[in-house]
Each structure stands twice: as structure tokens, then as C-alpha cells.
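Take this structure first; my questions come after.
Order as written gives the chain letters A, B, C and D; numbering starts at 1 within each chain.
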Amino acid sequence: MNAMKNLKLCSLEGRPLPTCIEVGKARIGENFTIMAGPCSVETMKQTMETAIAVREAGADILRGGVFKPRTSPYDFQGLGLEGLRILRKAANEVEMPIVTEVIDPRDIPWVAEYADILQIGTRNMQNFSLLKEAGRSYRPVLLKRGMHSTIAEWLNCAEYILAEGNPNVILCERGIRTFEGSTRNTLDLSAIPNVQRLTHLPVIVDPSHATGRRELIEPMSLAALAAGADGLEIEVHACPDEALCDGAQSLTPEMFKDLMKKLRYLDNALKSYEE
Amino acid sequence: MNAMKNLKLCSLEGRPLPTCIEVGKARIGENFTIMAGPCSVETMKQTMETAIAVREAGADILRGGVFKPRTSPYDFQGLGLEGLRILRKAANEVEMPIVTEVIDPRDIPWVAEYADILQIGTRNMQNFSLLKEAGRSYRPVLLKRGMHSTIAEWLNCAEYILAEGNPNVILCERGIRTFEGSTRNTLDLSAIPNVQRLTHLPVIVDPSHATGRRELIEPMSLAALAAGADGLEIEVHACPDEALCDGAQSLTPEMFKDLMKKLRYLDNALKSYEE
Amino acid sequence: MNAMKNLKLCSLEGRPLPTCIEVGKARIGENFTIMAGPCSVETMKQTMETAIAVREAGADILRGGVFKPRTSPYDFQGLGLEGLRILRKAANEVEMPIVTEVIDPRDIPWVAEYADILQIGTRNMQNFSLLKEAGRSYRPVLLKRGMHSTIAEWLNCAEYILAEGNPNVILCERGIRTFEGSTRNTLDLSAIPNVQRLTHLPVIVDPSHATGRRELIEPMSLAALAAGADGLEIEVHACPDEALCDGAQSLTPEMFKDLMKKLRYLDNALKSYEE
Amino acid sequence: MNAMKNLKLCSLEGRPLPTCIEVGKARIGENFTIMAGPCSVETMKQTMETAIAVREAGADILRGGVFKPRTSPYDFQGLGLEGLRILRKAANEVEMPIVTEVIDPRDIPWVAEYADILQIGTRNMQNFSLLKEAGRSYRPVLLKRGMHSTIAEWLNCAEYILAEGNPNVILCERGIRTFEGSTRNTLDLSAIPNVQRLTHLPVIVDPSHATGRRELIEPMSLAALAAGADGLEIEVHACPDEALCDGAQSLTPEMFKDLMKKLRYLDNALKSYEE
């Protein structure tokens, strides 16, 4: 764990109190925060329907991808600027902030005009050009853990962003790659209390990409909350079976509503205990 | 996942209702069950002190190792029969059933006379001679997941035991081996809802061996409960710093007491929600 | 790598010269040694045909399994004693020593009467009862690396055998489990020079289980030789398509003959260079 | 392996003959090609000394990094344009083509003016913006396998480059991340024959980053050649102990000279056999 010794700005030694990042009405790091929405922005209708559904269920931030890092060059790559406009319009309609992934340092300045939070995905965690550009942006950054990355490497990538002057980084555990093939990745929930003993940055969990299976999202969401996570990022699609990307891991609006109810109940129960 | 197609006795298709295994007053698979105690039985004093402490805190079953599978032949290998007598005596004093690991098929008949549950450890998950002998025993078997094993392989090992005529198998997720080195293993909590969709057998979690770090045990125990686990196996040592084995991952009696209180609270809260 | 500090008998510090293990005419650790034969002994005809074929191609030792550690209890488990008699008879016919896997400590005394080398498989690498019993046997032991095991753990298992008084251990790298699914395991050839810098014991390679694919065995065998391995263990079956176990990774006698010719050529070329 | 079905341009089905990429006098895919040089370009003196040494030993292409993707933002990040000029000057002096890593899509147009081959590193294998920009460049691209990437994902990344119109991609196996900690990564030599059965693109091996240990580079280089690789990329430093990056895995000029001699001998021996 030599890589830990270079951590300065993100470490608890430099700043022992938790960072709270305010985005719209959300206070990430203070209140349990839910980011939800479709994997990809596909059409205005699909995005608007999903936005209304997640808003009604109580989500805090609308997620949606417009640049999709896909395994094959022949798969759907996202709608780009057009998608971003759709996402912004839907978000405004329901009065939610948005989080969207960036994959090219050249896009950050103009994406930052539309998006409230810039997401850096698992494949780009060590894309240092992207990290530095995100560090120069005025927007909070959601930094996903590399599927092949140690805790130390992940925190060093947060340090890259902080070192450029941007103090608002949200960590996101989304599963690591192992030999187990019945889930898309292996969700490492021990990463939550592990990083909380090292950094003041908030840390959330993405159970959708971690498991890749709709039916495992509720138990993993509850477990993440019980483990002390600061929030969740969850894929919801108005019609998962018609999704252009990752349909099998998207919740229906109905499932998401049930999950939100249970999360709120559990969050309150855990808070009551602490008092 | 071809290996799934051979599952018969342990699969939900053959028996859709959950198995409940009764050991003393514990009903594993029905009530959230806590197995706690020292990694190794070392002395009567240490074992008795720990037994009293975990009993007072509300543990259901006393754990303790007398045959220790150690990396090096020159490390402490456990007290064997002498240890088993100590463990039994301490357990009788506090009126608890005991669970203890077996590592040799030749030992099963006589260990079964002392122990209420036979544990098969992660290194022996695919020790098929041991599985078959455990399957011929009249005692319930706690089967840990191999640190390198898929869900399918794990369930097939349970099938080995069931196929010999012993229906009482408790599965135990204890972390898998990955590239992450800041924890001893990577606890795969998604394995809980994953196996529950495949088998009627109860499944518990061992956060002590999974994390190897005392300070991560409470959040991982709460997360396991929230994920739907049927119980926990936790290492507790009256004086962790003097432990002959795995001291760094053992809770003190005081920490264990606090954890039990929080687990009971959370268990009740989750049950209230379902009603 | 703390686990390294406990190595005594197998370490180069205690004994700087390479161990040479003589079995029949083979001198393992001195000459490049080929162990070949069927995954499982199935019938006298199949075993005899394969034995003749590998002998003619120049193999040194006949391999064949009679106790098969299979994922499912309903798969073919091997012929046991009957298989061992078949294997011995075939081996005597072609005047070859035999290597066969043991999976139960109770079997070692009688298997040792038939077999020249006792093999401990990847799933049993840390079956310490089996290791100790093998250490009390007068037969050389072929110790496969656990598919989940570090170099340090593997050498400690050799130490278990040596510590019981048996100095004749042959290490066998057979691939480790990773996320890559297009091969059965990931063959770690760097393990060869790695262990040679730590131990005086000979180390061979099993490309059949490592890759699980017939067409990858020749390049991996040549690579193992070039990396400095002391030999190979290869699956050959007279009719791979009819094999009861692991047919896809078995060479035909014709393929094996071609491979042997190429290996001999390369072995000579490498030796000429050193001189 | 669904991801395989999207492969068109890089697959053997579309083009059964091996691709040969000519760079200076090197013919990658036809002759065994050695790329060697320092991890980082540090000074003119160090670069020139190393260039002369690797040239004299018979290397074909000079490697050297000027943008270093480092775990920590506070580590040496490379000399950038200044380094590129040094590298070009040294290469011209010894009449060698150069290969250098790019990490930002914005740099590709101007780096392509200096470098003969653009390298895409393991952390950027799925940096799709970078892949697309490299695909629009007129320079050959050396594409390293992601340390967490399957064979299928790697080939799909090559497909990204080919789909933009650049047919000259060289694959480079450099080790994958596993639980084994005694080497930096686990070199997967089976990837060589594995990809050769899927693609017409040449594939080389980087034993330096794979093992991270100087003493393992010779055996792994010989093994790569025997496995059928089309070449090697090796780190050589005039004074490894003074290197600003990765000194422990750099060969001295003397070691590199010995290795080159042995490689040439083995290459000739293998060719003679085929004839």
C-alpha cells in the first residue's frame, strides 16, 4: 500500500471532517442521495417518462448517458450533444440536477454547461488527461472505481482531480472484475468502510453495473446503505426490455418505487439508532 | 453456468421452501443466527471467558477451531481432541451448541460426537472425500465457499453432502480472492441473494475472514443482514492481541456486544417493514 | 510475502543445488521429463492404446487418473482400485513408471504400492491431512499449484511434505483462476523462473488443464521448455472425443508425437547454446 | 464470448493472411521484432546512451515514454514535447524508428509527426476517444492489453482503430492483474496462440511490465518467442538504479545484449525446424 503515502488532499489527515457536496437540493456526504435514470438517453419520450418516474419515487439526481463506452465500435455509442439537450430538458421539467458520463477531455468544457455532475467511468478511472481536465472544471465529479483497481489507485485518481483545484469528488464503488461469472462484476461493499477510514470524500454505490442483474439490486442497495454508503446510482428504464443498453440490469419504475420506499424506511431506522 | 444443471437436491426446483436447520435453540434459516467465538481454542481460560462473553451478548452458537489449516507447517496447528474437550466443556457451561472445523475425513466420526455442527473450510470446499464423509454424518454441515470458487461450484459441493443423505447444509460466504490487497479477501455479498434464488439452503456470512480487519466487521455484518443473510459467523477473542491466530480480525467482547445490539435492532426494523 | 520466511527445507538457502528425483529411468530435475496419458483410466483397451502411443512417442512417465475430483457428484468419479490395476498393467507392459492422483489420506498407503509418483491436485493443494500423509509415504509427490494459490502458499505446501520426511517433491504449475474465460485457467509461466529462484525442487508444467484447449498445448509446451521448466504433464487420449473427462484438452496420439519431436529438437537446441 | 461476434476487420474470417507492418526496416508480423529502450525519456545523455546500447545489441525499434501514466499526480509525469524531441534526436542518431505512448487524443496529431508507432497503454485500452483518434492517424498503433481485459475486449479495441481506417495495429500482451503479488502482473502467454487463432494482426509481448522483475525477463522473453510471439517490447536503461520510473524491471545494456544473442539463436533454431 505504498501508493497510499502520496495521498494529501483527499486524505483524512489533511481534512478530518467529511466533505459535503451540494448539488441543487442534494447534499451528498450528508444525506443518503439517490441518482437514478436510464443507462442511455435514447429519446425524449423515454427520458421524460423515466425522469418523471424517478422524481415521483423520490430520487435526488437524474442520471443518463450520452457518450457510451461500448465494447464494440458497432454498438450504439450514445446520442452526444443531442442526448445532453434531451437530458437537460427532462431534468428541468422535473427540477432535478443531472449526472452524465464524459469520456473525452475535449468534451468537458461544453458538457459542464449542461450537466451538474461529471461522471468518470470505470474504464477511464486512470485516464489521467480526463482526470486533469475534470479537475479544472467547476463541476463536481463522480469518480467510479476501475473494475481492476485497488483502493489505493482509486484514491490517487481522486487526488489527481483535487490537485487541479476541484475539491468536489464523489467516489463510486461499482464492482470489480473477478473469476465469478454469474454476476457482471463482484460488488466490493467492504470498500465503503475501507475508504471512509482513509478519505473525507463521499462514497456511493452502483449496484446496477456491479451485479448486472435486476433482481439483485434491491438487496445490494439495502446492504450498501447498511454498510454506510452516502448514496446510490441506479439504472431505471421506463421499458427495460426495449433499452438500447443494459436492459437486464435496469429496474422498472415500479420496482424502483418499492426500493425507494424501503431505502427511506431503513435510512430512518439507522438514523434513529444513532441518536 | 453448465455446472448448475447438475443440481438436484439443493435446488429450489426440487424443494421450493427454505430449509430450517435446528441446532439447540437455534433455527438456522428461520431466525438470524450468530455463531461467535475464538478462531482457535487455546486454553480453557480463554475459551471459557470468550464463551461467557459471546453468550451474554446474545450469540446463538459457539465457534472455535481445534484443527487449524495454516499456510506453514511450522505455525500453530490447533489442539485437536484436547481442544475439542475444552470447547465442549465451555459450551456446556453456557448452554450453547458448538461449530468446529474438520479437515480430515478420518476425524469426522469422533468429532461428530463432540460438535453440533461440522464446519468445512474454504481450502477444503472441494475436498470431495471430506464432503462425502460429512454427508454420511448425522450432524449439520457448515460449508464455506472456496476463496476461488464460483457460486455453481459451491452449490455442487453442497450437493455432494446432500447426495450422501445429509440434508442439513448451511452455506457460508467468506470472501473470494481478488487483486485487492487492503482486505484479506473480497466479501461477495451479492452471493447471498444470488444463492437464495438457486437453493433452499440457509446462507450465512463470515465477515472476519472476509475482511481480516476488525474495524470493517460491524459495517459488513450490518450489510450482510440487510442483504438477506441468515446469520453470521464472527471471531471474538477475550484478548485479541494475545491470540495465536488471526488476532487482527477478532472483535473484543465489548465490540461484539455493541455489534449484537445493533444487529438486533436492525433485524427487528427489517422484520417490522415486512409485516 | 511473509509466508516465505517459514520456508526451510524447500528453500535454496538450506540446499543450493537442484534436487534430482529418480523414478525408473527418468531423472526429474536433470532431464526434461514428459508425463503423458489419459485424464481418466476408463478401460484396459483405452489405457493400453494410449500407453503404447505415448511410450512410442518418447514419454517418460505414464499419467492416468483413477480418483477424479469432479465438480458434480453425479459426474464420473473414476474407477478407483480397478483403474489403478489397469494403469499398472499397462505401464508394466510398456515399462513406464506411473503418476496418479490421490484425494484421500486413507488411500495413500495402498495407492503407493501401485503408483511410482503420487499426485496432489490443485483443489487439494492445501488439504493438509493429505499433504502430511504424502509426506509420510516413500513415493515422490507431484504437487500441483492451487488455482487460487500464491507462489508462497504453494512452496509452504511443499514444505509440509518435506517436513514429514519425504524430500522428493515435484512442483507443477497448472494455471491460476482469473477473469479470462477463453481459456480454462491462465497459465502462469513466470512461476517457473520465479520458484527456481526460491527452491531447489524441480518444477514442471501442465498445459492441458491450464488452457483446456487442445490447440494451445503445443505453443504452451514449447514456451514452458524455453522458460526453463523441468518437464511437462500432458493429457493424451487414444480417442479424445470419447473421453469421459476433459476430452477437449486431450491431444491425439498423432499430435502428441509431433509435439514430442519438436520438444526434443528445442531441448537440444537450448542445451547446445548453454555449452 | 458474445463480444467476438462483432469482430469484422481484425478477424481471420475477413482476412486469413497475417498482417505485416513495415516500420523503417522492421517488418512486424514477419520477422521477430525487438522494441527496446528506457521506460521514460529523462535526459539526452541517458536516452542517447541507451539508444546506442540497444542498437548495438540489435534492437529494431527504440521505445521511450514522454507522457507517463502514473498512479500518483505527484510522481514524475514525463517530459512531454521536450522528451519527444530528445527521443527523436537519439533515434535519428542510431537510425531507428521510435514507439512512444500517447494518453490524450489531443496529442495524437503532433506526436504522430515525431513518432513512428503510437502506443496505447494498458490503462487506456478502453479509452475509446483515444482509440478513435489513433484510428484516424496515419501511424501504426501498438495496442496493449488492458490489465483487466479479456481477449474479446482487447480485439474489439483493435477493431475500434481499424474501423476508423487505420489497418496497422500491433497487439501487445503485457500481463493481467491477478491475486499473485510476487510479480507485478501475471503474464498470459497463452494469449499469443489464442489471438493468433482469431486475428491476422501481429502480437508481441512486454515481459518488463508483466513481471516487474529484471531477473524474470530473459526466461519470459524466450518463452514468448517459443509461444509464437511476433516480437518483444523490453525496458533497458543505461543505469537502472537511477531511473525515475520502473528501475527494478529495466535490463542493463549488458543483460540486454546477452538476451538478444540468445533470442537470435532461438529464433534461428525455431525457423530451421519449420523448414
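Please note the rule applied: a residue touches a chain if its C-beta (ideal position, glycine included) is under 8 Å from a C-beta of that chain, and two chains touch if they have at least 3 such contacts.
Since the structure is predicted, the reported quantities are computational estimates derived from the model, not experimental observations.
Trainee: Looking at C-alpha means, what's the farthest chain from subunit A?
Mentor: C
Trainee: Would you mind telling me which chain pair, A-B or B-D, is linked by more contacting C-beta pairs?
Mentor: Ranking A-B and B-D by C-beta contacts puts A-B first.
Trainee: Calculate how many whole Å lie between the centre of subunit B and the centre of subunit C, each centre taken as the average of the chain's C-alpha atoms.
Mentor: That pair's centroid distance is 34 Å.
Trainee: Quick one: subunit A and subunit B, Cα centre-to-centre, how many Å?
Mentor: Inter-chain centre distance comes to 34 Å.
Trainee: Indicate the whole-number Å distance between the mean C-alpha point of subunit B and the mean C-alpha point of subunit D.
Mentor: Computed value for the inter-centroid distance: 48 Å.
Trainee: What are the residues of subunit B that contact at least two other chains?
Mentor: If we look for residues of subunit B contacting two or more partner chains, we find 148, 152, 177-179, 181.
Trainee: Write out the stretch or stretches of subunit A touching subunit B in their complex.
Mentor: 1, 148, 150-152, 176, 178-183, 186-190, 192-194, 197, 210-211, 215-216, 219-220, 222-228, 262, 265-266, 269-270, 273
Trainee: Applying the document's contact rule, which stretches of subunit D touch subunit A when the two form their complex?
Mentor: So the residues of subunit D touching subunit A come out as 3, 6, 8, 69-75, 103-106, 123-124, 126-130, 146-148, 152-153, 156, 159-160, 163, 177.
Trainee: Write out the stretch or stretches of subunit C touching subunit A in their complex.
Mentor: Those residues of subunit C that touch subunit A are 177-179, 181.
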